[in-house]
């Protein structure tokens, strides 16, 4: 990509030395209607309940967890599509958690979002040129005269034919539509992209294409990512650090290798152990399986103490009374468990 | 579910069964074609598909969207609207021909000897009827029993698929169940008449990974108990490795590779299967760059001539003349191993895999 | 559930009160001269003042509204030339021109309108839902195209033209007229047949289309495919599983429709000479008979609100997911 034509007036403040993005004790509680005949008091869905995360410039942080764990809500909080109930969201050291829409605008440019569903996140009545061009114009990225050439340049970057700028989303396949979504995010020259399940809706072969595209963008443009996915293989492939979420909390967070090879939280172990493994048929001995029983409890009324204790085989009395803090158990690996320890043998079958 | 006590994790190890050639097929599909005439032209959803599944065995049909895996399986249960779909060829279930079966006979057949589990339990269960009601309806459609007896049976089945508190659960509506519980209920409904053939169409795709593991265990368990033939449709090769005995890889409406699971996943012989394996990031080792298949699957309105995979195939230059673009390869044994077949012109695919593909697998 | 209904009833009552005050204000602030109307052409100013006093029209407007409200709740008195008339609750006043209590007039007209509208609804619901369901099942065939084409033709004919056509050509129908059902149910039905046919056929067209669209959507749902895979008969799949889901949106439209039809049966009533609410309101409108008009508005808004309430409650029975509201 060539240098920008007209750099926007930034308007983004920053504190020297601060990380690119920092979430501190962020909470998002949604109001829910009471159930039952006489339930009058409002109930709160604790979608995100005290999340701490840090992303350095150019780094990729993976967020994994099952549905209802709060990972998508976290994405919406970081991009400030939601205003948190409590806590701080600091971008380059400046708290944007409750910033007004007007002040937020320059930050919105630098923090972009890619959605899961390439079908519904593009306006079917706008051409690709309009969709990407609007993003350019909204953030004052380019002079009117240079708009088309910049749009075509972006389309080329994401692997689309630049001559197709006047086509409509329905004329593209699912993978191509996701590329359009990526081009739109890139239009703003973001410093960080929050990608919420960007490849989940795509077929395996297309998924790999889009992953490779994101990978090259990360390397060439130095964009930091918060990458959300439920596919543990995809997250491992793409991310430097990974945070595992359960019921609105981060239960374990650490560098890729130590998290996958020496997970210390029982939930992380169970999660990794549940991934169906293709290695079995390649002569790799089948791994010992941890099978969780039951379902994730309701975020309206989460268990006291450790939230995982109702499904945890290590649970003791202390787990019901004391909420385990997220503390460092190995270099750069933080775990929220009273009985954190690496598994006796690797959970994942070693490839030959 | 609050009504479950935490317990120690169950530890399961599954070893894939060896090939059991020579068993009598319970489901036998021969040269199946499914076409849909539309305003834009003829959609060739399935072309010349043949496979068979004996009792007590699981065949996984693998493919991407539009590969024809779901369309072909719905045809097995006669679920296509005959005014919309053109179906030719033969589908024999327990010796009975399905393709030309009368509507009346189909009703007796569906849900009795052959049942189906669908992808999304949220939308596949009727939101306005209780779970018990829906299971009972299935049971009473094939058994002349009282409502009371049917309800007993429904409670039994819910218990069998691991739903706690089945007596209370039987009167609840699907929205009162969690996703995993709904899929269990769906399985209970499918198995209520002891079907000899179970078709599971992406039954775990909509579920979380820990719930998926539970459901896969459940299906494997139940198959052992019920001794049925299972057709398991999925796009996830990891799931295939877990559950299947045999694999059929589909592309653009045809089978491109077929054989025992350890052979097909361990040493695939078709470039499309290679591409799939190269597209899946590994869970261990240093992450390697992925080698995705270029391009996208063809439109079923205009399936490419010759080998339908040729526009995306990086090995087509190795095949002499214009075979790949003009001549449709047959699904035949490609190596000394007669137990597996592949639809490709490439010479010595086993050597190409070992020397060129295997080293770059993630 | 009970709490939900109670909440809905309370909000319904407040809607009625707001409508009442708003329409009272609109009508009573209008530059009309009801006393002059009642007094007739040969009238003296003293007589007008006398009538105004007896009707309470000399009071401040706000007080008039309060008096009117009070009349509805506890009743009120009117004094005309020294004669005091007791108007028991719910008192909606006296008709300026007919001299009768509005409640009595409405009480006589309401059953007529309700009979027309409900009877017509039975016709168009039966015909519409059935035709729509059948058309949805055979979508794309010539039968489907025939059904859709017919509905287009029927919908293109204005409602009153259709009513006129029935009145002129359907001479084989029994004479139109209203006989209370309590006296002679057979006569009641035969006298309303022409009106039912008009209301039924004209609305059946749109209900066929609603039902068809709704059923096509319902029959495409995953749970219908599941039902088919269970081996139950096609009829059971369509009429138990499909219709149950397909009917829900139709019920919503029906609830809104019905309330409008109750207040808008003017054409039907006029053409078939049935003394219903529409006729009453039309006459009152022509003669500035404000108490009758006000009564009509009140009863109309009550009906509208009640119908919405009924639909919401029916909905909770149709769809278990909204039961806890």
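In this document, chain identifiers A, B and C correspond to the written order of the chains, with residue numbering beginning at 1 in each.
The rule is short, and it goes like this: a residue touches a chain if its C-beta (ideal position, glycine included) is under 8 Å from a C-beta of that chain, and two chains touch if they have at least 3 such contacts.
Predicted model, so just to flag it, every value in this text is computed and none were measured.
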Two chains sharing the most C-beta contacts: A-B
Taking each chain's C-alpha mean as its centre, the one farthest from chain A: C
Mean-CA-position distance for chain C and chain B (Å): 55
Separation of chain A from chain B, taking each centre as the mean of its C-alpha atoms, in whole Å: 31
Sites on chain A at which at least two other chains make contact: none
Chain B-touching residues of chain A, taken from the complex the two chains share: 66-67, 173, 175-176, 203-209, 211-212, 215, 230, 232-234, 236-238, 260-261, 270-283, 286-297, 309-313, 315, 348-351
Chain C-facing residues of chain B, complex: 77, 79, 83, 103, 106-112, 115-116, 118, 120, 123-129, 137-138, 141-142, 173, 175, 186, 189
Chain A-facing residues of chain B, complex: 1-2, 4-16, 64-65, 178-181, 208-214, 216-217, 235-242, 261-262, 265-266, 275-285, 287, 289-294, 296-297, 362
Chain B contact footprint on chain C (complex, rising order): 140-141, 221-223, 225-234, 241, 244-245, 318-321
